[in-house]
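Next come two complexes, and both contain chain A; in the first it sits with chain B, in the second with chain C.
Entry: the complex of A and B
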């Protein structure tokens, strides 16, 4: 059966077509709603939170959820609901900047490796592989311990480490595309190298990179929260889900409400991103089956 | 109750739900019976539903498809009622499927023996201790050489034909009662294909299996099938014995399909079957074939014909099955090749002692193994002069270096030795980057698979704009007009400009690729298997188009193909290659007539004609050689006429027989 038979002729720009396809899938619409909800919340939460996230009230230490403090309060008597609403701001800011940076540098280097090819490419990829085989948390801890925490360290660190697996993906995608006949056809016509990269290669590799970027984002969020959990991410009293979970962990047995809010918030965001990435891959027609996490 | 046929499909309709919620039928009311020991061929254009029917017969549906009505039974088991596990038990066991490219879908990291072992574990009752001997037995059954040694090999260490044999051996592991084959030989070389088909034929007879053979290749069908079922737009339009359907088809579509096949005894282009089939879901009031039918009348457009028996025994879905004799006869001089004769005076392109090697001069390995003699070049000693306006056909099996030569001409690989000349006086620089713009424009390349040669992210307008911008700096409305004009010339229209390749059919894609090449107004067009990925009816139309463009512009073609009949239909002169060496070259008529080079003889013998009376002659093995021999004749390892030592040690002389007919063989021409 030809693909034509199934496909109605599409109208409008490709972006519009893909967006339509994306939201027409249940995973796409649910995922995208979750992501938009979280991003929106991060933007407006300072204006809507019922309580000041820093406000400590020793009288309310670890009090149960009630009509005023919907999710109870933490060990310092701060309102957990307000802190949960605000707890994603830092994470979204850091990963929102670091993800595009990672995709850009990793993508650029990967495409270069793919274009160079041959022995050089092989040797360089061995180095990348060796690097990837180290546990990521170890690599990041070394850097953060050396240079300190704070956004100005976290963003480049995350962008650097999460760009490395992107190299692999971009290189593989480049290899796939440059072996195809339309690239040979462009060469045979006598198009210059830049024109071939720009017109023939990039549009095809970008699809893969977009999906990869969405994936990296969710892994990066998890990594960021883990760093906070370990005490290397956001510094108190700024609210952050990872940090909140870490703080409330000790009181889990008798005050479990401290972790419920941040856990739901963090997982719903990560699930949202993953669902979106999945639907995006399908809308773009990319097989994402064998892409493993870092 | 009378016993049902072994495989029985009754009034089956299959469809899917479109995005808009309506149900779209892909198969309508199809019935098919197959008895044990019988083999049925299922033919039709791509999209006609042949694979869907074959899969449905074993209770399998591609994602999204489902049975809407009807039934399918296998040995009286209702396969549509079985659940997944129960189906799994039957499939691969009693009912085996050999899909297209199944040879290539072997697990690359697993040894052959292991893979067959696994199939045995899953599908046979053989005792685990006897696996080893059973594996060897199976490999011997598909006539693979030296099975004991073979089991330790990996798939990539086998040739395409051998891989396909392993896939067949795996399918036989469960001792199936029925075999379902979906294009099992498509993509294989002519010689390999002929061997595999003979094997299947024998196996089916020996094991008394029911066989359903899906293919668009009527030549293959004619070898293995007793009965043939022709499908069109999701319906059966003709069933009959192979002889009835292939020699005297009683349906206009089957007739058209057969006339569109180029044949060895023809010297002209086959007749094209114009138009395209209706898409699933498209409203059809009368006969689905009405828009393309030469016999159509008012009744056909308003009343759908039934599938009904006719006196000679076939079942036909047509009102005018008794009028087929009014259509042009099969198998005779049909379409006319109208292109002008080549101009013998002026050369378009010269290849002088061309040698090409993929082996890189690697400083590391030359350091490690100093003095190692380089392996023989992939392509060697090619001397051909191509006249202006001539079509040179280049034939040979896969790996014979046909594409390599084209790439060298296009400047995509640098030859190791030799000179390429344009118009006798311009020497082509080896690398495309060094060629001046006017030379670049003169030579254009069209590839085999338009899916691969058109950037999936570019619209037709963008695709055509590339050469128009590059060579003629067109932009704005001039660009649009030139693109629209090109589309008209390849018989598409300006309304195709905004489409993406995924929104075109295979034939349309190839037309766009042709338009892109002709945008440069080239003098020489290199065609690499340009019709191999297309249906026969579409192939005829594309050949016709190429011929028309050539007549208009006096273009010179180098036409590469593994299909000898296609090459004969379009070429003025034909060169036969084996392992990158020229075996024979000459005017098309002379090459296809005795005296033959032994290799040409083998190739021609293996051609499958859509005629049950013409059996292929298998005079040489179908082993695939990975590299040419270092000395002597390139064909020495497979040659059925080999003389002995002289063939092993001495390069055969270039012997010219008559005007331009050259054969390179030690056997004197009078004996060939």
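Entry: the complex of A and C
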């Protein structure tokens, strides 16, 4: 937490200071570059890929990497390099929309719980606990099998289930803030609930929520690619790393190049997000390792 | 103390009850019921459906059926699978045993390793052992399990030929037959859990070592290693209990992907299979078992922490 004295000394806005701190750390600069690289690639890849991602060529089935097909071709004769370049688009789109949604609804409900307190809070937290005790994959799969696998199902499903743990975090953070003097002062001045949430609680809970959001993003990406790997995510022929690894796995003993490209791409993106989240947490003064994973 | 214990156990029970309600309500709300699945989408005309619903007692109010299901579950009777013949407790029993075996093996390797690495990286903070350990931990933690599993199969099974890459043993085989096929999944799982626990232990060691009483001990002239073992570690390892508990719960319920990659006949794969087959009675049972394990393990961890920590113990007695 930045002290009052420190805040007065700051030259730029707080966001600029935090950003500077973030990129000055090795983990922050490496992580952020990886994330920016992947987002950029996802945006421009349809324009720069050398081959059509769904173009099948039976003459080229499982051919080795060569000058034309840099990463070889898959079991349908499609260019692995082009598919790897485009394989993150769907994942980034889905998780990029679902993460902010999850943080917003989870954060809002969490702050409300924390503010209301008492019996209501106790009962609602039991329900949250109950939801958390069910394995994520079971909750998601039941919905996906029932409603289909399109992004119009995946985004709300991911946003809903990944928002539930955020409730807990936001509630705990609210509890920390709510007993502080400035909240009492605001109450004494006669501010309404909305004003207290917006002007007193939210600015103080926001740091925690931002770090939480970054962490959720990486876990959601993991979940999404796992779903694709299991065959419940994107539908073929859309290129997706999880699905590509799952397809190429069967031919791994004689055509390992099919898995290497997507493995490196997916790992580097998730590591990038995690490094960024780590550096962001340190820049904001939040100890991330103290939080147990879901 | 006793009062607090009873209170925590009751809270755990309440959570399990809410879980069972959520599971049951979830299945009720979803479109379709056991009969539409059993008869298939094609030949199901209204007459057949009505007959089937009558046979399966689906016309009774949901609350009645919930009471029956929950009551049966308490005595270990989970009812019948969607085919109307197989007892769920039989299918699930074998799978649960296999999952337990996998979890125990992974914990046997992962937990001691994680505690050791966590202490080492914590004590040598920001120096070589820590930098290497922490970087590796980030890799182990963040890379998706199916990716690391695929890579390990590629290296150890295909290129080197040291270990079998998939499990071919049948679900009901005795534990001994799973060796050595179980080794690769165990390695992948212990890597992931090791990274999580290690990071937790590391930050807790760092926090404790900065404490006043450690400085006090140093000033009193206690040598470094006795101080670490007698003063620092007992306190530093306490928070690890909770993370270990979370990991156990995860091992027993969330390792679907690993089980699919290695074709391991555990609870996770049964879950996927029954979801794909829309065998909802089995899904309900698995959900209930996994959720109960989660609640029990966390409860046990909380109680252990309280028993081991005099500060928490007295705090609750005074209340």
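The rule is simple: the second predicted complex is superposed on the first by the 284 of 294 C-alpha atoms of A that agree within 3 Å, B and C clash if a C-alpha of one lies under 4 Å from a C-alpha of the other, contacts with A are read in each partner's own complex, and residues count from 1 in each chain.
Keep this in mind: a contact is a pair of C-beta atoms (placed from the backbone, for glycine too) under 8 Å apart; a residue touches a chain by one contact, two chains touch by 3 or more.
Because the structure is predicted, anything quoted here is derived from the model rather than measured.
When the shared chain is aligned, chain B comes close enough to touch A:181, but chain C does not. Of the two partner chains placed by superposition, only chain B is touched by A:191; chain C is not. By the touch criterion stated above, A:252 is placed in contact with chain C alone, chain B being left untouched. Of the two partner chains, chain C is the only one touched by A:142; chain B is not. Applying the stated contact rule after C-alpha superposition, one finds that A:204 touches chain B and leaves chain C untouched.
By the touch criterion defined above, A:13 reaches neither chain B nor chain C.
Of the two partners chain B and chain C, it is C that touches the larger number of chain A residues. Against chain B, in their complex, chain A makes its touches with residues 1-5, 7-10, 14, 24, 180-182, 184-191, 199-200, 203-204.
Contact residues of chain A toward chain C in the complex are 126-127, 129-138, 141-142, 145-146, 218, 222, 225-226, 229-230, 242, 245-246, 249, 252-253, 256, 259, 263, 266-267, 270-271, 273-275, 278, 287, 289-290, 292-293. Partner chain A is touched in their complex by these residues of chain C: 11, 14-15, 18-19, 22-23, 26, 30-32, 138-139, 141-147, 150-151, 153-154, 158, 196, 199-200, 202-204, 242-243, 246, 249-250, 253-254, 256-257, 260-261, 268, 271-272, 275-276, 278, 283, 286-287, 290-291, 294-295. The touching residues of chain B, when paired with chain A in their complex, are 19, 26, 46-47, 49, 52, 279-281, 407, 410-412, 432-433, 435, 437, 440, 443-445, 447-449, 452-458, 466-467, 470, 499, 502-506, 516, 520.
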